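Naming follows writing order (A, B, C, D and E), and every chain is counted from residue 1.
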């Protein structure tokens, strides 16, 4: 689990609290259950109205993944694939059968199984690419829900403020109530901006980031499996796959041989 | 019918009512027939001015579909296509003729008919892809109308507010009317934000979502028909098509055989 | 001519008038020749500054087309092309020469002429696609002018309002003039929002819609001409081309034979 | 030189002056050297901070081009290329050498020279397309600077207004200064909106327009050169190239023969 | 190091200071540590919440690169590659081995090494393109962080202003504190606009610019290496590569021979 998402959200909270204290402002007037109700449930209702029930049910999972989700480790996959490339060259494709059983990554496992089963390279690529695309589409769907939440929260905030202002303007007789009425109206705007920028938008961004990394890792896996199938030398396979890693992870085939041993 | 769209819209309504009550605000000043007229008919007029008569006439259909529309079930199609793949391998392509008659999905039916008629694979793909694209274009057109409605509603709201403000500013003599005039002006803004965010935008989003699912289902159907035509084994066909389904629907060829039996 | 554009604009006007009357507001303060001058000519100047003289001169034509323009009827073209496909199969490509003379659609005529002249299929496609693209570019240019007008009108409106406010704020001595000064200032904002949303944006949208339909009709024509050239059967040609039509226009080759007869 | 850019900017100026006079507003309060300094230099600084020194140095050239730049005349190039196609067919490719010397357009000249030098068609296309792309990238860079200027000008305007408001709010003791302070604050907003919409945005749009036309002209030239190289008949060459011209410039090969003679 | 980024930022500062002085405004009310805390740390927290720890750690490096980073010099690479093309033609590919040792550019070195090692052209292209793409993805990630910072800074500014306004409106009893409270509230808006437009946005733009230039330089390098591998003549190689340079750097093969000697 990468701690940055929680740390980032914590930093925002801290900076709001700190700056409010520095200005001598109090937190009392910032608490408004009615604004919370309107912004949170209103945004949720508006956002979900554009989706389907299974999407709504998987929202908590997306929420947790945005906070605690870790991207895959493509580095380890390169070493694993190098090992398969070596066995395939030395003992033939069928010899991979044994090794596949120990593979944990479902995507890598299914791909190698197809290779061992003698499925054509084009078909392997097609099936695996389709799976990557459909995973990406599922991710994009969840990311879009968070995007809609970030879009509807300030809109609900504005709605609440306008409702409050209209009520206040109809009761101008009591000037002492004016300030409080307007403060209360503005509170919904505050909550709308707050939830959009502190929760929904960064979480959507985090999910988008994780999705991109997961897709990249699977594309690397796919290229590796096809290279194994075509009998590429372990050295060339590592060279090809490491071009997809950040420079500091490109240790070369020799170092990986040592690691694997 | 998926209940989420209605439930979502209901949740928004509820949260507005609840938060208004919690603040001790009244609903009276929020009712404004003139604002309703300006925002609804103004947005409708502005949006439709960019379209053609048949688009306007199909708007109610789009409205109903956004509320009650269900996406196709690609899962059942996979099992169906697996059955056709099996018959085609055992008894030849022509043997499909009988089974086609029982197919309800018009798109699948027309595609299989072309295969039985011996139309070339490239032509089958071209005709069916063209049909998918033209369906997608029809959907995009309807989605765009809802997008325009969501765009024009707040613009009309702002227009009404500015008209109200200008009238109010010309009559500053009576200060007691000031607050009411401004409240009335703001009401159009409220209605504009309300209709854009509570109705038009989520409905457009729902239609976009349904369109994407329908396109995906038809692409799956197309790939399946072509696989049947090329004499793919039922097992490979299921593997190829299930890569397009969400993971929990990937039950494999054996389970599907059992279901079909 | 499709009446929807005019009807839509009329509906907007009507809803503005109706809602103004319902609120007991008067139209007097909404009339401001200076605001009209600033918004209309300012937007025109700003928009045209980014274009060239021939674009400016064709603006009235674009304006009229947005109001009265009708899309082409691809349905009739399908029947026409089916007829040519039949003659070509029965009597050979050269026999089309006679029929071409009666064709009114310039694009269809030029394409068939190339086929009769024995131009290669690839060249026919290239020349016709280039022509479609350059038509599309001309349309996009005109649509962009309307887009710029819709963009500059509110900017000019804001400019005028700020100019008015600055003048008003410099003369706060006379409070009775305050309201009128501010009302006058806001008028430019009103005109900017009005022209952008009631005229320029819907007209741009209408032109974009017409352009898309014209491109689709020409692509259908192009595919049909190439099918005639390759000696496709009338039945297959109709099947291919009807996939590009909305479902209710797909009557099939037999019905079209009857129509043509 | 196309006079529309200057005329458009003049029209905007005129409409601002006219509407200000019609409202009885004065120009005195609209003059603010401090606002001019902040908006112009602030926008320049912010925009250029994202670019490199050579980009900054070529900005005046871009400014002049936006005002006085003319697009190329692809019409004349078609006739020229038709001539080369004829010579090439009659006397062979090498006979073009003499004619090339009189060509003024550097791009056409270099392309024909490669053809005479016997460079492969694919290489000619690659070299010329690379050059078009790198020209387009240079244009896009300059257009982006104007885009950034149009983006930073209103931001600087808002910055200045907020700075002014903060100072004014700290000195509420003297009410007579209130109006003037606020007017002065608003002036920066005015200048920001003015420069963005009257200068930077239309100039960027004009450069984008010129770039598109220059790219189209060069693509036409490239296709023509390749057709000459492949020994296309003058008639077919004219037909192919004229499909890229607006309809009223499509005069056909015969008319061009007459012009060239 | 290109001085424009620092100079641009300096110009913005200068124009703010100058215009504030010209208006007789003071800087005292513009200093607000609480606003600085909220905008800077709030934006940092919100932006980083969407990324991962390694991204956060590389932020200072991105910051420095935006200020001092220089683009690569593709001009020198052309001359270098011309030299390699000549040796390869005269003495064979293997003769490059010696020259490679002196190459400093890691990307060029690795590419030439693959050529000397006899790796297939397609594989060389694939490996090098993958590396360019993964470099581009790393750049895009850093650019996105700056984009998010520029997005969150004004949002945090608005948040702070609303918090301040709500507190102020709750204490309307003391009118003398009104102005100061509002001035303090607006300060956060000022800081948000300031940091977004003066720091984060231009730095992101600068990084995007550098990335584009680096990608272009590497693509030129890649094309050059492949041309060397295919035994292109030094003259053709220079012609091909110079088409990617700005016109004033296209000196031709002869001049480069002189430079290299």
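Keep in mind that, in the parts below, a residue touches a chain if its C-beta (ideal position, glycine included) is under 8 Å from a C-beta of that chain, and two chains touch if they have at least 3 such contacts.
As the structure is a prediction and not an experimental result, all values here were calculated from the model.
Q: Cα superposition of subunit A onto subunit D: how big is the rotation, rounded to the nearest 5°?
A: Angle of the fitting rotation, subunit A to subunit D: 145 degrees.
Q: With over half of the numbers shared counting as same, classify the subunit A/subunit E interface as same or different.
A: different
Q: Averaging only over C-alpha atoms, locate the centres of subunit C and subunit E and give their separation in whole Å.
A: Computed value for the inter-centroid distance: 41 Å.
Q: Using mean CA coordinates as chain centres, what's the subunit D-subunit E distance in Å?
A: Chain centroid spacing, subunit D to subunit E, equals 25 Å.
Q: Quick one: which bits of subunit D touch subunit C in the complex? Just the residue numbers, please.
A: These residues of subunit D touch subunit C: 2-5, 7-16, 18-20, 22-23, 25-26, 29-30, 71, 176, 178-180, 182-183, 186-187, 189-190, 193-194, 196-198, 201-206, 208-209, 212, 216, 236, 239-240, 243-246.
Q: Can you list the subunit A residues touching subunit B in their complex?
A: Interface residues on the subunit A side: 33-35, 37-38, 40-42, 44-53, 55-56, 114, 119, 123, 126-128, 130-131, 134, 137-138, 148, 152, 155-156, 158-160, 162-167, 169-172, 184, 188.
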